[in-house]
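Note that subunit A is present in both complexes that follow, paired respectively with subunit B and with subunit C.
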Partner chain A sequence: MNQGEGVMSQWKGNNGLSRRQVLATAVAASTALSAPAVLAQGRPRVVVVGGGAGGATAARYIARDSRGAVDVTLVEPTRAYYSCFFSNLYIGGFREYASIGHSYGALAANHGINVVHDWAVSVDRDKRTVGLAGGGSLSYDRLVLSPGIDFKEGSVAGWDLSQQNRMPHAYKAGSQTQLLKAQIEAMPEGGVYCMVAPPNPFRCPPGPYERISMVAHVLKQTNPTAKILIVDPKPKFSKQGLFEEGWQRHYAGMIERIGPDFGGDKVEVRPASMEVVIDGEVNKVDACNVIPAQQAGRIAALAGITNDAGWAPVVAHTMQSRADGNIHVLGDASQQGDMPKSGFSANSQAKVCAMAVRGALTDSKVYPARFSNTCWSLIATDDGVKVGASYEATDEKIAKTDGFISQTGESAEVRKATYEESLGWYSAISDDMFS
Partner chain B sequence: MLALVPAGGAWSADAERGKALYAQCKRCHQVGDGAAHRIGPHLNDVFGRAAGSLEGFRYSPAMKAAGAGGLVWTAAALDGFLSEPRALVPRSRMSYAGMKEATDRADLLAWLRLSSGGGPDRPAAEPTATPEEYGLDPQLLTITGDPDYGAYLAGECTTCHRPDGGEEGIPAITGWPHDDFVIALQAYKRGKRVHPAMQLVARRLSDEEIAALAAHFRRAGDEP
Partner chain C sequence: MAKPRPRIRVPKSVEAGAPFKVRTRITHPMHTGLQRDRDGNIVPRQIVNRFRVRYNGEEALSVDLEPAVSADPYIEFEMAVPASGLLEFEWVDDDGSVYSLSRKVAVG
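Moving on, here comes the complex of A and B:
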C-alpha cells in the first residue's frame, strides 16, 4: 500500500492544492516534523498520542467527520497494533497471533491522518507542543492523550520491568503475549502456572480471569496434571460467579485462588529461582505471569495532568482533562468515573471526545455525551459470557445508568451465541478503529 | 465441498407446514403479490434465479460473487443453503444459523414454490414487521428522524455492527428499511425482543433518536 498517495489524494480533494505543493507537503509530513505550520495550512491541528482503542478511534472520527477541516496527527511508536482484547484468546489457541494485529495504513490512506511512528516524550502546555523522542515537535490546538497504562514500580516485591522476560506481564499485547504463551506451553508435566493479579483499578477487569480460563483450556489438553495458582490482592473480581462456575465445570481441581484473606496481598516474586513467596511461604512455579499495579501511561504524568493515584481526571461531558481544557484524555489513562478500563470504553469515549473536539475547532454540532461498554469473556470452547452497561455524563463523573450481565446456569446455546457475538464485535471495533 | 441434499419430492412435502416454518424467514423476506426488498431481498421467482442478481438490493460481496461464480437457486441449492447458509456462501450477510431437518426444509421449499411463482395460489405478500405484533403505536413509524443526529448516535452501534454492512457474528443493520429498523429497536426498548445488549442500548433511546438512527442507517445503505 502506498500511504503517501492516499494522503495526497485526500489533501488534493480537500484543499485544491497543486500536485507540486502536495508533494512538498507530503515530504514535509514524513521528514520535517519540526515544521507543523507547513502541514497545517491554516487548519486547526489535533495531535493524538497513542494508537489504541481510544486514540485510533478519536483520530479516525475527527478526521473522517471533519472531512479534512481538521489536521490530525497520530503519534504511535509501534507500526502494528496488537490488541489486548482477544490476546487471551490467542493464548488459549482460539485466535492466530496475526488476527489480533492491525496496521495504521488505512488511517493515513482513507482519512489523511498523519501517522508518526515515534514516542511522545514531553508536552509543553503553554506553547501547546508535543516533543518526540526522535527530536521533532508537533503543535496542537487540541491534544488527545490515549496512552493506555504503565506499571507502578515496586508494586510487586521482587519484580520490575527488567524481569519481564522471566516473568511476563503480557498486559500490553505483542511480544509479551507470545512469550507468556510459549512459557505456558513449555511447562513440565504437572507444573505450576502462577498469576499475580493486579489491585484495582486496572485495565480490563475480567482480563486476568479470562486469561486463567484460557491457560486452563490449554493445560487441560496438553498438560492435564498441571496446576494454576492465582495470587490476588482483591477480595472479589469481575464476573466472579460466572468464572468460578465455569472453572468448576470445565477445569475442576486445576485452579486455586489465594485472596487477601490468605495472604494474596502479601506476595514477593523471585524471578531468578522462579519462586513466589505468599505471606512467607515459598512456592516453586514453572511459569509466572506478574500483572503489576497500574497507572496512566507515562506521557500523562509528563504532561502534568495526573492525580496522586496516577490517573488523569477528566470532565465527563467532553473527556477534557480537569487540569487543562486543551487536552483530552481517553481510555485506561483517564479517571472518569464508573466505566471499566476497556477497549470498548475507550472507543466509546473517543467518539464523545471527537465530537467535542470538532465542535470546539469547527462549527459542527455537539450532542449530549453518551457512553456504553460491553465486555465479553471466553471461559472455554463456545462458553462465552458478557457484562455491559450504559452511562451518561454528569458534572461529577461518567455515571452508570443501566446494565446487564450473563447469568450462571445459562444454556450451552446462549453461551455459544455470546461467544459468536464477541467475534462480531471484534471485527466491528477493529474496523471502527482502523478502516 | 458441499453435499447438496436434494429437496424432498413435492408430492411428499407439506406446504402448509412449510408456511408455518416460513415464520422464521418472514422477519426479513417478503414473498407473494407485491413483495419488495426488505432486510433481505424479495423471494418471488427465486427458483432458477442466479444468486445475488436482483436489481435494487444491496447484497453482500460474497453473495454477488457466488452468483457470478455460477450459483443458481435450484431447489437443491436452496436446500443446501438453508441447511447452513454460511457453509454454502461464507460471509453471506443472512443472519440465520440454518434449518437442520431435511423434512423441514422440504416443507418450507414446497411452500416457497407455491408462493414464489406466478401461479393462482400465490398469496399476497405479508409485511416483515408490524407495530401491532409488538403492541407498538403505529404513530412511531411516522416520526421523521434527523440523519445527522443519527450519525452521531450510530457511533454506539458501529462498535459492534460493522458500518459496511458486513456480518461476522452480529447482524448487519446498514441499509435496513425504516419501518423494520424502528420496529426492531422499539421492540427491544420495550423488552418485546430479547437480547440483553440490544435492550440496554434501546432502553435509553427516545422515539426521536430511534427515528434518527433509522434515517442514518437507511442513508448509509445508499452509500457505495
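Moving on, here comes the complex of A and C:
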C-alpha cells in the first residue's frame, strides 16, 4: 500500500490547488501532448471492466489521484461484491457471510466513478469501445480489464457449468460459496467430502488447501467421522509442508490427498450419482467441490489479447497488454511473471496500473513500479500461516526480489499473530477497494 | 481411529519379464507408543507392522514396518512377472486387522 500513499503525498503537496485548477492543468497537459481525440471529447476516459481487487482498486485510484481529471467508468455485473479471499473463512464459520460483502456505492459517491452494472461482452480495439450486454457501448482512451477467471470447458470429465449446483466450484465467491457450505453441513454422519483440485496456474494457490482446512474444522465439530478426499492433478501445492503439518496436528486421519502418483490426474465426476472416478476406481461422495482448470475471464479472450494458455500477457512496468497498449490487464487474468494470482497481487498491480494510466492521460508524474503480495491461510482456530514476496518490474516480467514464508513448528503465539495480521489486511484492502 | 484406507497403483498391462512400478499407500496414524494425548496419557502403539505382496499366490515381497515409519506409509517397488495373474496386497495392523486389495495384471 506504500505506492498508493506515495501517490497521495504527491497530491497532498498540491493542496493549494482547487479541483478546477487541477482540471485546467490536465487539459493544458493534453494540449501539450497534442491529443485531439481527447480534447474533442473533453476529459480522457477510462473504462474498467471487473469490480474485484484489481478493477475496483484501479478505478478508485485513477479517479482519486487524477482528482476528476479522468472520467472513470466501472463495468461490473454484480451489485454486491463478495470477496473470494476470506470466503473460506465463511465456510469454516470464522466470518459472517455479510462480512465478505461490499457495496460499490462509495466509489460513485466519493470518487465520481460511473458504476455500470452490466456485462462487458465485446471490445472494439480500433474504435476503442466496449460493448455491453444490455446494449450500447462505452468509448475509452484506456481500457482496464480485470475480469478474474473463467473455467476451462472439459477440464474435469463429467463436469460443466450446468452441474455447478450439484457439484459447486465455489471459486467465484457468492451464492456458490453459500451452496457449498450448506452441502457440507448437510453431509450424513461419516460422509465423504471430495475436492477436485485445479491444475496450475489458478487463482489463489493456497486457496483449495485452506478450504480443506476449513471444511475439516467444521466437520471435526459437527461430523467427526466424516472424511475428506482431495483429488489433485499436481504433485506439489502451495505451503504444502505447513498444511500437512497442520492437518496432522488438528485433523489426523480425516484428510486423504490423492496426487498424480495415485491417479489424481485421471478423474471423472458423475454428478447424477454423486460419484468420483479416480483412474477407474469409483468413490461414492456426499459433497463434491469441483475446482476446474482456469483461464482469463472471457472478455480478455474476446478482446483478442490472450495467449494459447488463455491468459493475457502484460508489460510489467505498466500492466499494459503486450497486444494493445491502450488496454491494461490486472490480477488473475494477466500473465505477468512471478506473482501468484491473488487479491493482494491484483490490488498491488492495480496501483501500478492506475499510476501509469494517470501519467499517460494527465501527464503527471509516475514512479518505478513496485509490487508486493502476501497470501494468508487459516488452518484452524488462531493457526494462521502466510507466504509472500516483493517484486519489481523488468522488461521481461514482474520479477520476485525477496520472499518469506511461515515455518513449520512455529509457536501458537506466532500463528495467532499471523492470523490477526490477515484480519488487518482484509479490512485495509476492503477500504482500499471500496471506501 | 479412522478406518485405514489402502490404495495401489499398478499398470493395467505389462510386458513379460519387464520391470514395472507398483505404488502403495495406506492411511494409518502409525502411533509409535511414545506420544501423549492432550490429557498427558500415552497413546498406545498401533502401527501397520507388516506389508505383504503375493503374485498368483506366491510371495513376491514382505516388509516389516517399525514405529519410525511415518503416518500413511507409502511403499513403492518394481517387479517383473512372466505371465498374467493376480497381485494381492496385505497390510497387517497391530490390532490384528488385515487390510487387503488385489489387482489383475495382464501380460502382453
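We adopt the following convention: the second predicted complex is superposed on the first by the 394 of 435 C-alpha atoms of A that agree within 3 Å, B and C clash if a C-alpha of one lies under 4 Å from a C-alpha of the other, contacts with A are read in each partner's own complex, and residues count from 1 in each chain.
Following the convention adopted for this analysis, a residue touches a chain if its C-beta (ideal position, glycine included) is under 8 Å from a C-beta of that chain, and two chains touch if they have at least 3 such contacts.
Everything numeric here is computed off the predicted structure, so don't read it as measured data.
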Partners on subunit A (subunit B, subunit C) - clash or fit: fit
First (subunit B), second (subunit C), both or neither touched by A:231: neither
First, second, both or neither for A:248, with subunit B first and subunit C second: second
Touching partner for A:288 - first (subunit B), second (subunit C), both, neither: neither
Partner contacting more residues of subunit A (subunit B vs subunit C): B
First (subunit B), second (subunit C), both or neither touched by A:360: neither
First, second, both or neither for A:256, with subunit B first and subunit C second: second
Partner chain in contact with A:427 - subunit B first, subunit C second, else both or neither: first
Shortest CA-CA distance in Å separating subunit B from subunit C in the superposed model: 25
Subunit A residues contacted in one complex by subunit B, in the other by subunit C: none
Residue numbers on subunit B that touch subunit A, as the complex places them: 148-149, 151-153, 155-156, 158-164, 166-170, 196-197, 199-201, 203-204
Footprint of subunit A on subunit C - complex, ascending: 1-2, 5, 7, 9, 23, 25, 27, 29, 71-72
Subunit A residues touching subunit B - in the complex, by the definition given at the top: 61, 65, 344, 347-348, 351, 355, 365, 367, 370, 372, 374, 386, 388-390, 401-404, 406, 420-425, 427-429, 431-432, 435
Interface residues, subunit A side, partner subunit C - complex: 225, 227, 248, 252-254, 256, 258, 261-263, 279
